[in-house]
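Two complexes come next, and they have one chain in common, subunit A, joined by subunit B in the first and subunit C in the second.
Presenting the complex of A and B:
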């Protein structure tokens, strides 16, 4: 079933995309400006990118940001997936709703509140601000997102599959690893990539829990921008945009591949 | 399941490789010591080429970190756990640091280039005999404006020009209690270190009449606004004004004649320093006439180094807007440390003024 878009719908779509992407491309365009500011474009140069790669500190921050994103997304996906399976297996409807609501509250509540409460918690129990504190808080705010991405997939699953597997002699562990996980794999991947992007672009929570020389890109860009936006910021933003596109492309290929293999089994 | 485990392993391996790369890039930067020197300075406040030159001349590796406010820097140094060797705080922070015993006395026999500094900038009340600090840059607080967009008679010879009805909704103020209240006090002919409540009260009442003219009270964000001609008049620091004027040649800067603030950023050595010897070398290096001149060219602030003045363009050094003559300097005052209680009062009055703006 494929419906053709009307002309007005196409125009609307085009306008929306232009509005969404114009600022990003404007920013990236000026990262190639040899004039010192965003005022007027004077000529093409790569010196701002050069400046990023010459600055070891900035590179370390960039790498740290990626490490935190990957690790926190990975751990949050594991915990979140298990959590989702656990929530579904709750027999008591009321309890299940309560747990789900608690999960959703974490998504809705403002990042600033989460960040501030983490800061209070960490200083109270004596965790030194730095890599660990950032990683823990990123894992914490990613888990509810993963749960939300995985849950529909589990609910969609026919419970007879589990019963059938148990009847055929599978133990509980086999059911989880051989029946449930393969079935909900698209949900897990979606959860992982959502967590990844959330971690990459989080500012508010990270701002509170960074310290002792450890910093992530969003926090660093914020402090750079306070002293007037230099074109180095544009260059970093350009690089981050490329990384984001790479992630989207990767996600596309991974899901395509798993769809294909699924098809071949059937 | 197998493919998921593959992905998981890949991620872990990638993270391992990345952290290895990061630690290689960072190598040595965490450990201060004999061979390295950790410099903690304001952002965009040194010519990076000079750091390379210093490394080549002395063989000491410099690790350069930046901060964006005196308070942030102070907190880090107070906390300990850092080993900064050279830091560049403003004068009122230096006073605090001396009081809290955070600084090492500077050995003047190792700073042979100290003779390059104009005596006017030495032996100031915040650090008598320069026991703890050596001047780096200095400047004033004044008005940066675009003459093409306001009536010609407004030259900001006097602070009162800010109250002119022609500037309705055009004035931007720097977000600092000392600066704004000080401006109110100066416009009335009082000292900007006033401890007299009646004078402060008067200043606030006068500031409140600015109501219709003030568009916003902001910080560093003013720079791009002025450069892009989105703002017309701003009360700000001379160094920031110099930045703006470099980018936008229409702009002009004036220090009103009733008086204003004179500020200094000086180099100090914190007690936590792990390379005191290197710190002295670095300070002495920065005072070298040629180095100082090159640094001024890059940073754009006014330098207290009179040997460097001869190397700089006459146009720069004779620009009275940024290098006020000695006669006019008499109207300029350095902030005194007012003590917590009085400072609280300044803040309270500043808040009252802010709240009165519609």
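Presenting the complex of A and C:
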């Protein structure tokens, strides 16, 4: 499109960006406040960060959150990738569409409904609320997004590659691990990172199935925020921001690298 | 594809049975149980009393307002973004805030809208008395719009980005005013993006409950708040499930309404 942005357009965009980022930087700014509030900045301090690292309970929650995120993303990626391969191998078009619609239900479902129905499910089959129920829930709501990330990659794959491998004497396992998986790796990676962010971001589902003894960062922040302003939460947001940026940069470099190697093969 | 691997497909199918089909069935089943676990339709009868119907209508009204303002801000933003140099970099910068934990962003507004927060400080400079902005429906709508903007921008941006620019030149060359070009060419061609944007905003807006609790201070009750209340506070899973059934039904209705039609022909 030819036209340069007018000044008013630039101003509009600038306002949107400022509004999007202001709350985040506002939080981080006050995490260095030696006063106790988010109203007036009294002096620079790192005591709130110190408080995060001195609080053993909070550290355990942080570790729990990371473990749940990594484990659930890993398991969801495996099940979801195999699921996507299975969906593509379905011959019946109607059946394939039904499976795909079922796949997408959890993506569009409101998380309150997912949380409530999982709570009923776990109580019915007798899963104790805590680490296990949270982990299973996170795996469950991450699987469909992995499928959606992997599916297009499989569909664009040339099926002759598989036929060639089979003709050359590869067994099914070899076809999967040596032909399909390397080809769809970018989709698998994208799915893994999406699952990771889904898990780290989730509040509502975890809130329903977490029980008493176990907590993740989101649930903990919620209960801290309900109690009022605590600059420890600000310090946590500073740390979360850095980790988020790190994940984005990491993902960027990993995809760039796999794109490069892909390019050198072709 | 000749390739088949049945055992590997089993976990995925199990997942569908256990975590997609079973939960919906269980919610339906529980919606027909009363507090003592007896089979009854009393929850549905209760749902159709004025209290619950008013709550449902307000919830829809808020979701509508939130979606409207989100669209009002997101569409022009997405449109202008496609015209910038390095548009994908700018889009990336729009997406990053959506990856920051939702609770943290909501928490920020407790400070921003608070009695001693920056907004009230600004009001003071302009000459107004500080007022409590927190715990009003304005603050609820504002925070919800703030949270949904990136999710609305992404599908609209993609739709605009895919659009063939020569169509716009053609419209202009044929004498259409910018407004007509937008109304008759650009908007209809990007309606699919708008629809998916509405889908990812409206359904969550119906079910938000942490924002209502933290920002609106129980003044706004959405369907999501009511479900959380019934399940975790009142421990009335039957009533909670009944509300969930209606939330699921609204979800299907919205999906039907915003269904993307796959038409033949070029994009």
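The rule is simple: the second predicted complex is superposed on the first by the 244 of 266 C-alpha atoms of A that agree within 3 Å, B and C clash if a C-alpha of one lies under 4 Å from a C-alpha of the other, contacts with A are read in each partner's own complex, and residues count from 1 in each chain.
Everything that follows uses one rule, which is that a residue touches a chain if its C-beta (ideal position, glycine included) is under 8 Å from a C-beta of that chain, and two chains touch if they have at least 3 such contacts.
Predicted, not measured: the structure shown is a model, and the values here were computed from it.
In the superposed model, A:20 lies in contact with subunit C only, and not with subunit B. Applying the stated contact rule after C-alpha superposition, one finds that A:45 touches neither subunit B nor subunit C. Taking subunit B and subunit C in turn and counting the residues of subunit A each one touches, the greater count comes from C.
When the shared chain is aligned, subunit B comes close enough to touch A:188, but subunit C does not.
Of the two partner chains placed by superposition, only subunit C is touched by A:217; subunit B is not.
Once the two complexes are overlaid on the shared chain, A:175 sits against subunit C while remaining clear of subunit B. Residue contacts after overlaying the shared chain place A:83 against subunit C, while subunit B stays out of touching range. Contact with subunit C, but none with subunit B, is seen for A:108 once the two complexes are overlaid on the shared chain. Put simply, subunit A uses residues 37-39, 226, 228-229 to touch subunit B in one complex and subunit C in the other.
Taken in their complex, subunit C has these residues touching subunit A: 1-6, 8-9, 11-13, 15-16, 18-24, 26-27, 30, 73, 76-77, 80-84, 93-94, 96-97, 99-112, 114, 116-118, 121, 146, 149-150, 165, 168, 199, 203-204, 206-207, 209-210, 213-214, 223-224, 227-228, 231-232, 237, 240-241, 244, 247-248, 251, 255. On the side of subunit B, the complex with subunit A involves touching residues 1, 3-4, 7-8, 11-12, 14-15, 18-19, 21-22, 25-26, 29-30, 43-44, 65, 68, 81, 219-221, 223-224, 227-228, 243, 247. Against subunit C, the residues of subunit A that register as touching in their complex are 1, 3, 5, 9, 12-13, 16-17, 19-21, 23-24, 26-27, 30, 37-40, 79-80, 82-83, 85-86, 88-89, 99, 102-103, 105-106, 108-114, 116-121, 124, 140, 143, 147, 159, 162-163, 166, 172, 175-176, 180, 197, 200-201, 203-204, 207-208, 217-218, 221-222, 225-226, 228-229, 233, 236-237, 240-241, 244-245, 247-248. Interface residues of subunit A facing subunit B in the complex, by the touch rule stated above, are 36-39, 56-57, 59-60, 63-64, 66-67, 70-71, 74, 177-178, 181-182, 185, 188, 212-213, 223-224, 226-229, 254, 258, 261.
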